[in-house]
Each structure stands twice: as structure tokens, then as C-alpha cells.
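Got a structure for you, questions after.
Labels run A, B, C and D following the written order; every chain starts at residue 1.
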């Protein structure tokens, strides 16, 4: 191999690009050429460093020196000083606000990275279909330690002390849950892993199962040891074929290696895991519904108590946790409760995986410590809003959650703050919306989901959500009246207050939260009959600006209902009575003469 | 109460019995049995449910209740190339609705229908978890990402000769 | 059991741990409204899906309202049952339910007897906001020989599903679909006729709305009554007289035998007869069959199938034809009293009054909906002319009487006509669980032993326990008897028979909980099991008052054998009074 | 690998695996390690083609490398992504990898250590 060249990596992430990192790269190239260094020094564009607020970011390799806030005018100094003379440009280094210390390398700055991978620790690192790689990355070490050196109560104490709360939505303390299941005596108990990830837009559980299945298997065995269960069940969506295949492989390998099955590692503890399939019912994310589904029944929830920890699968004490929760267990055992509880906020410990989606640049999975702000998530890790549009809202918690707005951008995200803001953690879907999204339509979209996913058992959820959806439809069609908003709110409150399970108790959240945060948008729909975002077709009016229209007749020819009239070379007119608002004319017009009012 | 005759081929009956037996004819395994049967037959016609009912000793009404509860199960045969449009939130905000409309228009189908020649069927589903590629369309096992309405015709063309 | 104390509406109450808020409140006299909830206390029947959410209450410290029917009391709990929050929630939920319910109360068969209607009234619903844009969940209406399903009126209380599956184990109905379109229906939303439905009518008996009702045959009956060419005969089943009065505001358990007879005569029936007569006849045939099988068995005849199973209940017959076709040789071949009556009426009696059977119309008044189906069975007609032309339920008769401007309360006591109106106490007790077998024992004992019974009341065979058993000493021969009411209980005994484990010589089965007094055609009990107990008491009271209490002592029965049938189980008796059973289970046909 | 019958077995197995992983066995030259992120998002974007391409091409071009299939890292927006670890160096993740890009990565980065556009910098902390 040839001798290493110097390479200057310029962040080309959206955040830095917005801050003109392109110009920085160009200036650097010019300087390199000016100094005839093109054979030894190269400029490379990279993706986002996750340091968007410090951008543009430039990293010089192999020295591993990171410069922040680099302007095109700094290029000369970087080349002259650093590249030619080997002297680091101190003024462009990152300064730790607390200590005043200048940090040089990406390594030193790693503590400032917004993301922290605990759950996703092995995703993308190990071959999920090769247990040896998992073992090399500490899999089953925690199980070994638990089985040989700890009592169940000691393990439960660690989990309790770690402050871990269920990642499936409710945020119930995991250690406490295990303790209750442990205390209920029975001849048989079950450990269930809820992998029926149903929130549209959330896919962290699938990623963990696809990337690091042993993390879940090991944690289930640990849980089994604690609650004295010898059987584990993973309830997984049938729509996740890859995750299913990898889980099956992982289970088979773990059995082959004696890390699951009879008498694990000769400790006398036996634990076996089976897979059960979901079949497309969101409500089965609810524990009791999930258990009924595993029993071959319709996935209808039942009243709690009794909780699954008392009478669950086959009437036996059952502990249900979701994938992400289980994935936290082994690191907690290995690194201790104190370590885990040092991460996060007072009442929400550890990290949370979010699935960023919607109008955001860096769509994908991120894992951040609890307490990270929405601003950090969206504008730094997420790289900001697509196409430079304005941030409007972020929906968390999926169809059960609510939306966070501009005013929540600096709120640290944790279980309690989200609830206080009228939303919820849910499973961690985070959908970003921009100025083009109509919040009434967004609420309607979520209701559409709930209506389809309601199991139909209890009246408020079965009928109430349908009525909510109808009323929102009515409003988006411009047929609403101001009094409808009060009715909407009352229906929401009653549905929340009276529904049988979590689905109905939270399904009105998207409506309530948009009603709260975007009241004026609702009012515009019911009073002025306008959709401020220009999304509601029935509230739009296509209009030709006479000054821009050259009379090319293209619009008139494309109109499917002949709503456009006009002489050739004369401005055309749209008859709003006939127009069906299909938008074909607007697409066809080359002169930007057609607008939506 | 009249007796009903159910017609199935011997090999189909044997297959269903075999599937049920592989789950020890345990009624609690009903959903797994239904999955396997749907995998084999492509859908779950009444006849298949009747045989399962006998094997697992579960009233057929209850089986039908389960089949109609879960959106993954279907009683209508799907097309040779089942088209599923993801209607998850991420896909929705990135325009999945328009893509669905385009498929409906191109195929002349409503959601849940199959073309008369049995080639395509159209369904919508909730989040395949490929949100980074939104809007996402699945045809059979193949995933299409970042689909725009204009791509629909070309996508369908790929299946012209299959 | 541990007692806990809680406060409901500022009143303290002590209850055993495990009690629900609903029951604790009732203990205090606070009646929290319920809709989907239903309990038949003495029969271990409870429907508690907590689905309607009408019974919600406010529990201090809880985020959401709690359904009183399904929330267990806790020590120190503070409950409020009628705060503004609760009342608003109840009203709004009721508005939701009504928004998806047809508003054709005026012509609904349940009008006036509808729990949903009463609840709407109780909660003071005056309008349904948003009704103009509210979509309704609509379904195809299904009319079977006995039952009409109008699922547009289904409110998903799940009572029918619970009765059909948990109590009856028939499995004809299940919750189907999801969300807004969820309803309770047979497989593939087919007609009931194509399901394992036995027409026991227990789904109808518990349906709070007009979603499940009986097929009304009163118009046909009215038509034949108006036809001068027809002679119309009516027979009334024993359980009817113990319940009909309820429809006219009388106390449950009031016997209205005489008034009923008067009413029927006033309605224009030419002869008012009693199914009890046919019940006595049934005992002669079935009792003889029992003794025959028993004697053959004792003599070592391996072909003698024991236990013998009673066969008077048509829901039960449908049940074993579907689920136990392999045992179809086990039940008694004796027809049910309704059909025995029809067969005798259209032969013996028709000859007697010299009326062509085509011009003789037999109507039965039954506590039962399966009887409607039974009289339509092919084997119970001659050249297309049914032995029993129409069967109407107790409820239909009540409506019919009201339509005729008759007030049952003010009618004279009438007497049944002879000869098919005379009966013994044994015929009367057919109306309650254990009655058929007790009647059979009274006769079989005396025939077998040739001795007179010292005591006629076999109280060991009575009661409301689901499965009962007793051993009766037939003068040295111990006859072991099993009794089941409710098809789920019957299934348990049948499984034993199938496996050859049954220890019984004779088993009585009634499809409906409580027997015929709890039949699917009876006035609605609305979840009050005291009503069913009162009806049973009335039946035994009628038995006690009868001068003759053993079927074989019925002089008209004796005469019938002398004049017409010869002796029990004679060839003629077999031809007219016995039947056979068919396999109803779906067959899987292999396509060639 | 035989059954792990005790905790000692597990730890021994781990050491053995670590020692032998990706050509780090005794006497062997260290190999280039290429991880192709093959979760659903990756596969839907064509990761399988990249996995096959890299496996085949690295062999063809006589480069001593191990190509393994892993789950996704979460960079959905940039799928398919791969991670390349040159012996003794830190891993580098590349996004938007198609065959042309993969070819460039082999020629420039794997062979010579020259970065190419499309690097996704490590933007997270790990737990060890």
C-alpha cells in the first residue's frame, strides 16, 4: 500500500451544507492547488458528523484534528499552518464550555456526540447470523454472571436501581414489573417479548432483532431466571420476515451452544424460547391483547387487573417487555445500575431509540440519552428539515401520541416531559412535519389509523373514534362549524376517559394535541373555510394570475372537467364551480400563473 | 340447520392436517396454523377454515372471528404479484396516498381487490419499517423505495411478461 | 373471606375482597346503570366484557373512569357514581352507541322490552349530535327457521356470543371483523341455518336489543284462525303457563293456566289442548323404552344402549345430531311431546272429529324457539302436511293476546278441552330441569316394581345445579340418573358416554339453563335468575295441585292406548310417536 | 464449536473467537473487514447486491478481506451503507453505496486508504 496521504474531510451533511460547507471545500481545494499539494492532500465530502450546530465541520486525517465553524476564509490558514507546517489552528478547535479546554480530535470530542448507543450497540457491527460474533461482543456474559454469581433478587435490584422503564410506551419500571412477576407463585411462568412493533413509523425493535437478536434472547433468559420462568415467547409481527429469520437462526444457534435450553452452562437453569406470530393488529401491542393473540384468540384486550404478572399467558404469571427494554438489560448487568442511571434525566434513565421520519433530512434510527432536546434531535442529529422548509411539529408516540411544536424544541425529551406536553414516548416514532402539513389532516390521518385498528370491543373506541374521524373529515371538507370544535374536544375527552385499553385511552391524543397547539388552524377550517397549509383539497381554490398567464391554453387542454376557459393568447380563467381541484393545470403551467388560494 | 358440503382436494386436506398436526392440533396455536395455511394456499378460503376447525376442535365461527380480526389474513386470493402500499406515517407524509391513487388508476382496482386475470392485487399496509425510503411499495417480496406517482407505470411494466 | 371497606357516594360499605364496584354499590342500594353486563346468579352465568362502558364510575386516584362491572373493590377505595364527569361520559358514550343504531324503535320487535331503549330513556338522551354525518355499520339480515338476526342493531354486548360458546358450547356465533364493523355472527357471516346453531334461542333470550329476535308466526296463525275451512287446535307447553303472566305485569311465578286457556279460546282456537297430555304420552313411550333397554342390559344384551338419553328437547336433539352423530342411536327414539301431540292430533283426534288432516291446523305455544325448527323437520310431516303447523313462543302469544285487546289479568279461569287437554302432574314438570326424568321415574318405578310409590316428589332430582345426579332405588335395582341443563353441561355428560365412562342408566338433557322455563321463547329475564327460580316453583306447585301425578294414571292416555295405539312401543306407537336422528356435522367432501 | 458447558467455557470460547476473528489467527495477516448493513432498509435499497458485489470483486482483485452481513446501523437516509475496517485503523462508514461507489471504495479506500465521498462520520458514543 502506498504511503498515507493527508485527507481533509469536509462535512457535507445538510446542516453544514446550509452553512456553506461547499464553499469551504472549494476554498480548501483552491488552496491545495495553489500550493501544488494535490498529490498529497485530498478533500473529501462526508455525511453528517452530528455536530450541526458547530458546523461547518472539517476533520484532518490521519492527524484526527477537528475544526469547527470553518469559513471559506479559514481555508488558507488550515493549509498554511496545519498542512504545510504541521501546526494545529487552535482558534478553530472546539472549546469545552465548562473546562475551557480546547479539544483537538474526534476522539476527544466523542463525549459531545449527541448519540449514545446502548440498545443499538451491536447493530451493524456483528453478523446477526453468527453467534460467535455476538459472543465476541460480550453476548451471554451478563447471563453467565447472573447465573453464577447473583440471586434473582440481586438481579432485580440492579434492574430496579438502574431506573430502567419500559420502552414500549407506558414507561412502567421494568425492575418492579419483574419483582411482581417473581412474587406471584405458580408452577409455570412465562417471559414474553413484545416484538409486535405496530406504531407506523417506528422500527427500532425490528432493527435490534435484525442486527443483534442475541441481546434480546439473553435478556429474556435473565428475566426468566429472575421470575422463575423456564419458557420465553417472542410475539413478533409476521410482516418482519427478516427479523423472524434471524431470530430463528439465533435461537437455534444459542441452543446448539447450550446458551438456551436445558441446564444452561451447567448452572441448573433451563430456559427455552419460542416464536409466536402477530398477524397485523396494532391493538396486540397491549399486553392483555397480545396474550390473547398468543393463545390463538382475537387480540382483544381485557380489563386490568388482573395484570399479566398475576394471570397472563395460559392464566400463568407472565412478564411482558418489549424488545428495546430487553436490549438494555445486559449492559445494565455488566456495567451496573449506577452507570445506567447516570445517563438520562431524573425519572427517565438511559437512552431512547427514536425512528426519525417525515420531513427531516437524516431519516433513520438514532439513540440518544433521555433528556436530549427535540432541537438537538431534529436539527443536529436529524440534519434539519428537508428542502429548507420551516419546522412545524413533531409527532411522537405514533397514533397514541401528540405533537410537539416550536415551543417544545428545547424541552428535554423524557417520559414525563412528553406527557406534560400532551404527547407520549410511545415506542419512539418521531415524525417531523413542516409548514406544508395541515394539522387537521394529520390528526385525521392518525384517526384513520385508529379507526382501522380499534378492536371493536368497547363502544367509545369502536364508535367514538369513527365519529371523531367523521367530524375531522367534515371539517377538512369545509363543512364544519365553530361549535364542532367543542364537540370534538368533548368526544376526545370521553373516549380517553372511558375506553377499555391504552389504544382508545390515547387515540384522541393527536386530535387534542393539535387542537391545543394549532387551534387557529382548526378555526381557519371552520370559520374562514380555509386550510392554511393548502392541503385540504376542498378548501383550495385554484386561481390564474392574469398577469402571468400568456394564454398558451395548456391548462385548458389538460383540465379533465373543462373548468378553464380563455381565448388563445389571452389570460385564462378557472371556474371554481366546475373545478375538481385535481391540480393538473398547475402542474402543466410553465409560467407559474396558477396558484392555490 | 342443513348440512354443508365442503369441497377440497385430498392433497389440500392432507396438507392442512399435516400443518395442524405439526402444532399438535393445539387450539392455542391457531394463529400459527393460519399463517402456515395462508403461506401454502395464498389465502384462507372457508373450506380451509372448516378443516382447521375440525382438526383443532375450535368452532369455525371462532376461526373466522380470528381471520377477520387480523389484517394479515385474507379470504380472497391475492394476485400473483400482490402490491402493498405502505401507509405508515412516514410514507403518508411523503405522499403515499398519491402513489396509491396512481396504482388504483393504473390497475382499475380498489384496495383489497385483485385484477380479473389474477395478476395483481392491491392492498395497503401499515409501515414496513423502511421509513428511510418513504414512500415504500412492496410487490411480492420486492421493495420499491422513494416511489413517486410517475414511477408507477414503469414499476408495473417490470411485470408485463411475468 | 377477607372483608374490605370502601366508600361509594359518601357511604361506607363492607364487602368481601373480590367484590366488584357494581355489586358493592347494589349492596348500598345504588343502582349503577349497566348495558352489556349480565348475570344469572345461580347458574354461574356472567357476561362481563366491560365493553359498553356505560357503568363507568369515578375512582379516586385513578386517571380514567372505571367500569363498575369489572373493577374490583379495594380497601379504602373512594368511588363516585354520578359526578358530572361520569354523567357526561355515560351520556356521550350512549350517544355513540345510538349513533350506530337504527332509530326505527316504532316498528322494532323489541320495542318496549329493549334494554338499549330503556337506557337511552334513563340517561335522558334527547338528540344524537352529529347523527347527520354518522355512518352506520350495516349488515345483511338473516332469517332462519327460528331466529332473525338484524345485526344493524347489535351493540357488541357479547351476551349472545357468551351464551352460545361458554354456556351452550354450540359455537355458532363469534365476534367477527374488527373495529367499527365488528359484530357477532356465524362463520363467514353466513346464515344461522348453515351454522351449528341448535336454535336453543339463548342468544335471543339475552339480547338487549332487537338484533336477535324470534321469527314471528302469529300472522300465519291469525290467517288460519280466520279461515272457516280450518279447524285450529292449540297445544300449550308446561313452561308457558308459569311465565306468560309476566308479560302482563304479574309477579314472576304466577300460574296463569286457566286464564291462558280462556285467552286462547277468545283468540278463536277451536280446541284448546295441553302439551302436558303429550308429555304423559312421552313418558309412556320413553319410560317403556328405558325399562326395555334396562331389562335387556341386565340380561346381558350387549346391544342395549345405556344410558338412555331423553329426546324431548329439540335444541338438544340438534346439538347431538351435530356434535355427537356417532351417538345418534343412544337417545330415546320417542318424539318430543310437541310432535307426539301433533301426530296424535292429526290421526286419532282428526279421525275422532272427522276432519281431514289437511283441514286440521295444529298450533303450539312453546317456551322455545327450536320448536319452530322442530315442527318444520321433514320427518314430522305427512305428504307435506306438518304434524304441527306453527309453533309460537310465549312472547308471541303474549303479544297476540294484547293485540286482541285481552287483558290476561281480568280473564276467567278456563279449562282445557278433552281429550287432549287432560294431564297429570308428571306432564307439568316437563317444564323444568329434572322434570322429565322425575316423571319417567314415577312411571317406570311403578311399572318395573309393580308397587305404588310411597313418595312422588323426587327432590333429589330438582334444583338448578348444571349437572346433577341421583341414584333411585327401584326396589333393589339402583337406577343411576344424570341430569344436565345447558348444552355445555350436556356436552360433559356426552363426552363420558362417548368414552364409555358414563355410569348412568338414564340422562335427562335440556338445552336451556333451567330447562324450558328458561327457554329462548320465554318472557325476557333481563339477567334476573330469581325469575327463573320463581317459574320453577310455579311448575312444582301446579304438579302438587294435580289430582293425578303419574303419567300412566292419566285416564285419557289409558284410553288412547286402548282405543288407538295398543300398548306403549307397539308398532303403531312406533310409527306415530318415534323418530330417528340424522348426522348434521359438516362433511368434508374430497374433490375428485 | 462444541457446547458451552460452563461459564469458563463461555469465556474461553470468547477469547478463541476474538483471537481467530476475521483472519487474526496466529500467523495470519490481518484482513480488511467489510460490513454490509443488511437490515430491511439496507436490503430494500440494494444491500444484497452490494454484499455479493463486494464478496466477488474483493476475491477477484485478490484482496484479503472478510465481508460480513450485519444489521442496519440506522442510517436509513443513506442506505445502503457499509463499514470498512482496514487493519489497525478505525472503521469508516460509507453511505449511498452502489456498485460504482463500491468499486471506488475498493480501489481507493481498501487498496490505498484514500477516503472517498460519502463517509458517514461516527456520530455516537459507544458504551465501552
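Basically, a residue touches a chain if its C-beta (ideal position, glycine included) is under 8 Å from a C-beta of that chain, and two chains touch if they have at least 3 such contacts.
This is a predicted model, so every value here is computed, not measured.
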item: Top chain pair, ranked by how many C-beta pairs fall in contact; value: A-D
item: Central chain (distance from its CA mean to the mean of all protein CA atoms); value: B
item: Chain located farthest away, centre of subunit A as origin (C-alpha); value: C
item: Between subunit B and subunit D, centroid-to-centroid distance (C-alpha), Å; value: 36
item: Separation of subunit A from subunit C, taking each centre as the mean of its C-alpha atoms, in whole Å; value: 57
item: Subunit A and subunit D: spacing of chain centres that average the CA atoms, whole Å; value: 26
item: Centre-of-Cα separation between subunit C and subunit B, whole angstrom; value: 42
item: Set of subunit A residues in contact with two or more other chains; value: 203, 206-207, 240, 281, 298, 363-364, 452-453, 455
item: Subunit C: positions in contact with at least two other chains; value: 175, 177-178
item: Sequence positions of subunit D contacting 2 or more other chains; value: 40-41, 43, 75-77
item: In contact (per the touch rule at the top): chain pairs; value: A-B, A-C, A-D, B-C, B-D
item: Residue numbers on subunit C that touch subunit A, as the complex places them; value: 49-53, 56, 64-65, 67, 70-72, 85, 88-89, 92-93, 96-97, 99-100, 129-130, 133-135, 155-156, 175, 177-182
item: Residues of subunit C that touch subunit B when the two form their complex; value: 165, 170-178, 185-189, 193-199, 318, 321-322, 373, 583-591
item: Subunit A-facing residues of subunit D, complex; value: 1, 3-7, 9-11, 13-14, 17-18, 21, 35, 37, 39-41, 43, 68-78, 81, 83, 95, 111-127
item: Residue ranges of subunit B in contact with subunit C within the complex; value: 1-10, 13, 46-47, 49-51, 54, 58-65, 68-69, 71
item: Of all residues in subunit B, those that touch subunit A in their complex; value: 26-32, 34-35, 58, 62, 65-66, 69-73, 87-90, 92-94, 125-132, 134, 141
